[in-house]
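Here the structure comes first, spelled out in structure tokens, and everything after it is commentary.
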Amino acid sequence: MRPIDDSPIVRDGKVLILAMDHGLEHGPVDFEPVPETIDPSTVFDVGTHDAVTAMAVQKGVAEAYYPSYEDDVNLLMKLNGTSNLWMGEPDSAVNCSVDYAVEECGADALGFTLYGGSNNEIEMAEEFRKAQEDARKHDVPMVMWSYPRGQGLKNDRDPETIAYAARQALELGADVAKVKYPGSPENMEWAVDAAGKVKVVMSGGSKTDDYAFLKQVEGCIAAGGKGLAVGRNVWQRENPREILDALEAVIYEGASAEEALDR
Amino acid sequence: MRPIDDSPIVRDGKVLILAMDHGLEHGPVDFEPVPETIDPSTVFDVGTHDAVTAMAVQKGVAEAYYPSYEDDVNLLMKLNGTSNLWMGEPDSAVNCSVDYAVEECGADALGFTLYGGSNNEIEMAEEFRKAQEDARKHDVPMVMWSYPRGQGLKNDRDPETIAYAARQALELGADVAKVKYPGSPENMEWAVDAAGKVKVVMSGGSKTDDYAFLKQVEGCIAAGGKGLAVGRNVWQRENPREILDALEAVIYEGASAEEALDR
Amino acid sequence: MRPIDDSPIVRDGKVLILAMDHGLEHGPVDFEPVPETIDPSTVFDVGTHDAVTAMAVQKGVAEAYYPSYEDDVNLLMKLNGTSNLWMGEPDSAVNCSVDYAVEECGADALGFTLYGGSNNEIEMAEEFRKAQEDARKHDVPMVMWSYPRGQGLKNDRDPETIAYAARQALELGADVAKVKYPGSPENMEWAVDAAGKVKVVMSGGSKTDDYAFLKQVEGCIAAGGKGLAVGRNVWQRENPREILDALEAVIYEGASAEEALDR
Amino acid sequence: MRPIDDSPIVRDGKVLILAMDHGLEHGPVDFEPVPETIDPSTVFDVGTHDAVTAMAVQKGVAEAYYPSYEDDVNLLMKLNGTSNLWMGEPDSAVNCSVDYAVEECGADALGFTLYGGSNNEIEMAEEFRKAQEDARKHDVPMVMWSYPRGQGLKNDRDPETIAYAARQALELGADVAKVKYPGSPENMEWAVDAAGKVKVVMSGGSKTDDYAFLKQVEGCIAAGGKGLAVGRNVWQRENPREILDALEAVIYEGASAEEALDR
Amino acid sequence: MRPIDDSPIVRDGKVLILAMDHGLEHGPVDFEPVPETIDPSTVFDVGTHDAVTAMAVQKGVAEAYYPSYEDDVNLLMKLNGTSNLWMGEPDSAVNCSVDYAVEECGADALGFTLYGGSNNEIEMAEEFRKAQEDARKHDVPMVMWSYPRGQGLKNDRDPETIAYAARQALELGADVAKVKYPGSPENMEWAVDAAGKVKVVMSGGSKTDDYAFLKQVEGCIAAGGKGLAVGRNVWQRENPREILDALEAVIYEGASAEEALDR
């Protein structure tokens, strides 16, 4: 972890990552609720909202669409990822080198998934090592998607597991840890404490109603969380800019979920 | 994906790849219907037809035969491939480096198979990463043979699977996605949408009669597909130039299957 | 092994490493006995005690916290490590390159775990080889956490096993061998003899009472051991500086456990 | 495949490779029929016969014996090979780098085994890729020992399998394909056709009587084969030069087996 | 194999390697018969005997002890080795690079174990390839510990197996082959013949009485063997210099076992 408050992906110490790698991770079925989202441009348009500090996409999407948005959107290149077509212990392919992401695609930040608890954890951690050290050479922040899963884990939402995931991000050298919301502000606080100086952001998860979602984000911020990395809970809504307005209030202005919805 | 409309393998925004790597993938049995096709020259001769924008072959065939055709044929070097002599989860050997393909063999484009859904998907995706980034250095288009298969898949012709395959090509950074035809123009349209700016072409598959074949291609084009990558459905015919004449009409001139056959 | 008596991590021929990689190896549960230890700063503060010759941490913790302590603490970068979330034969991910540890983080020494007896011993030994030879280029001491474990081992505290572990450190080229205390000064002496010129230090293990712990350390020193690498037995105490005062007496001044506690 | 008719291992478009890697592949038991053949010099002496265009040996034999024969024998360095002491899916260790073979040992040609159909085919093909491209840098011909075998194959002498093996050599970029004789000139012709411009030579196999052996070679040549790679059928005879005289007649002069024996 | 008669590890065409890597391969239990041998200095002292042409040790022992003996002892760095703590198919970790051994430690020769017949034979042979070619760059002799073992072998003392092991050393490019003594001079002669120009030395094995041991060495020399690589049969004796005096007579002066013992 290095100080990243001056980096483009941070606003007032907070982070809001709009993720759109679902086409790779889940397949095009994730675009069905709002069919036009199958066109990455529609999500990049959403990403121009001031609340969003970075868009997280895979290399191919960045190559094809980012050139039209580079003045309005910060690029977080997700370095690894895989489809859900295969079965087996969790693993993720490294789809982009750091040099290519930064030098050719103009990435402002990098993202890397670690499946702690998988039989492939060792291999993934070693791939992360190379990516992290390469990122340092370019002085670009590294966000870890820290998601314990695999045959060694019974419950990947267990508060201790989430706190462990946050700590892994600190110990291995990430600058931001993206973790599942562990169910309560108290549990989130454990994760935040475990991560030390690393910024912890919650992942948005599958789509829920506005209030429930914002209440979680409020709990995350109250617990010392630094923001959110979200996909479906934004772009699977009919009016994604509305929820971004509300998220902006909760994350950057300290509003409650109720206040944010009343605006 | 990068703009490739000005590349030699594109004609009026469309692509027609004549593939002849069957000697490696299927063995010499594929040449039995038209015995002289066992001689690669006969297929290269077919490849000089104006409808064909590139010939796809393995390295050894390019080394031995392409020097006689380099003025008349564009070379698409297939970078990986394997025999069907062995058994096991789908995989493909990387048989040619990008540098060798471009600098020594004069490749105008590159091809790479990804078996999404295979237990070897991770490894293949990482091999693709290197090939794709090397291709960018040479500014040469990359075509992905995106063929989900393996123990994780029940039905590799399922429309959602084909759309997923097309999306993988976009997310991972291909310029052209070669997918199986998913049975109807509506299904093909899903794949085309999922691939975004990436050009989707259908694979020719095993030999069918002229009308059925051209009708599929017509459906592909109507759905926004950008063409075809075909082998047996051309060179397993007694008169391959005739079917190429018809394909030319359907792909580049927007003719229907019936119109193309009536000419 | 090379002479390291003049290196910063040695004081009067002895070594006292304060280890804090438990957040990675065991998870945040290890911080529960003294909750503020979840903040690495509190442990770094402890590490400024004169008795401590080096702090052992993972790369991410070094990046985030060491800059504030570099005048007061010597850094021992632990190069490999993993979580206990997964199951399987003992193994450890290489999380930091030697170049990065020394050039970017300012490491004064390096640490590497070898699980002799694991089915992964071969792979770990080969990773150690590279790390050790890289360490030589930088003239930085290498400490081996030599911990036999795995399906091949019935009893990892067997005196012969501990002596074997110490010998592995010598044969493979470590400068300091960290081993489990084998239960008696006589057994420790075997390990010390087996390690030859390599300094053997005992690992602190899980928290015990002051007298029992200091008596072990006294036994270690009496047997020719050169010190201690300890974590929980220091920072899981309410007043870690008190036990460090006592350890200082036992390790550097030859005091008995009783004398050290009476001061 | 590149034109190799001007290379030292070709005489009048034909090739006769005298192989002696049996000490590695089969063990010293192969030398028992003619005990002095255990001394490589005796076989190198045979290799000075004009009919022989190259000797195929492993690196160590080349280092030790070739310096005495470099004026009289062309060296074909076999790059991979293994013992028959172990069990498992067919595989072969890469025992020599191309640079070492050419620059240090003076190799005029290179040889590489591919076990198509083995579960290790992918790995072997990728090792071949590197060797082949390195060979091109040195402009040295590459001979593939194309031997389908492994759990995927019921019958490695099946004519279709042999033709497939020959085609693999073409597709992957060999200059010469060494295959088992598929039982008849008609079958051999299929293999020759499948290999296209690549020269196909038959392997000598285990020792048979003069007439049967020469008849096979006659059939091979009649089918368009370009020669022979032979070991035991030459140096397991009491007078190996006699059979080489006969082979010279059959291969280079178009004699029948009967004519060759009558001379 | 290259000519090594002028190298420092050869005396009058013969070789006597004193090996002391037992602390790694077998553990400290091997030092119990003569407890002071746990200190490597005591064995290095033995190694100064004129009969010894090189000491074989692992990297760490060389780093720590060889600087005191470099004027009196020739260093043979054993490049691979492993503990007997784990179970599984025979394998050996590469613990030292050739560059480090030669440039940093001053090695006069190198040693490498190959377990022919192990499922890991392929991997070990490929590691040997790199080591051997690197050794050539430094013009340093390579000794192969050629020890067939693994699930493919019923009897690793079978004369044919030993002869095969000796041949592997020749084929793969070693300069000296260390093999088990195959039970009789006739059997040893087969191994010597199979190795061709490569010098074959017998391994000392576990401790036996003086006469039996010397008789074996006499048989080895009579069969054309070039010496011995010995550990326990020297330094597990109370007076190791006495047996070295006798070995000197048998190996370099052609004495019989009886003559050597009568001196």
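Letters A, B, C, D and E mark the chains in the order given here, with residues in each chain numbered from 1 onward.
In this section, a contact is a pair of C-beta atoms (placed from the backbone, for glycine too) under 8 Å apart; a residue touches a chain by one contact, two chains touch by 3 or more.
Being a predicted model, the structure only gives us computed values, none of them experimental.
**Student:** Which other chains touch subunit A while also touching subunit E?
**Tutor:** C
**Student:** Quick one: how far do you have to rotate subunit B to sit on subunit E, C-alpha fit, nearest 5 degrees?
**Tutor:** Between subunit B and subunit E, the superposition angle is 145 degrees.
**Student:** CA centre of subunit A versus CA centre of subunit D: separation in Å?
**Tutor:** 57
**Student:** Distance between subunit A and subunit C based on Cα centroids, please, to the nearest Å.
**Tutor:** Once rounded, the distance between the two centres reads 35 Å.
**Student:** Just say which it is for the chain contacts: an open line, a closed ring, a star, complete, or other.
**Tutor:** ring
**Student:** Beginning with subunit C and continuing through subunit E, what order do the ring chains follow?
**Tutor:** Order of chains in the ring, subunit C then subunit E onward: C, E, D, B, A.
**Student:** Would you pull the subunit D residues touching subunit B in the complex into a rising list?
**Tutor:** 1-2, 116-119, 121-123, 125-126, 128-129, 132-133, 136, 148, 150-153, 160-161, 163-164, 167-174, 190, 193-194, 196-198
**Student:** Within the complex, which stretch of subunit A touches subunit B?
**Tutor:** 21, 23-24, 27-29, 31, 38-40, 58-61, 63-65, 81-83, 85-88, 91-97, 100, 104
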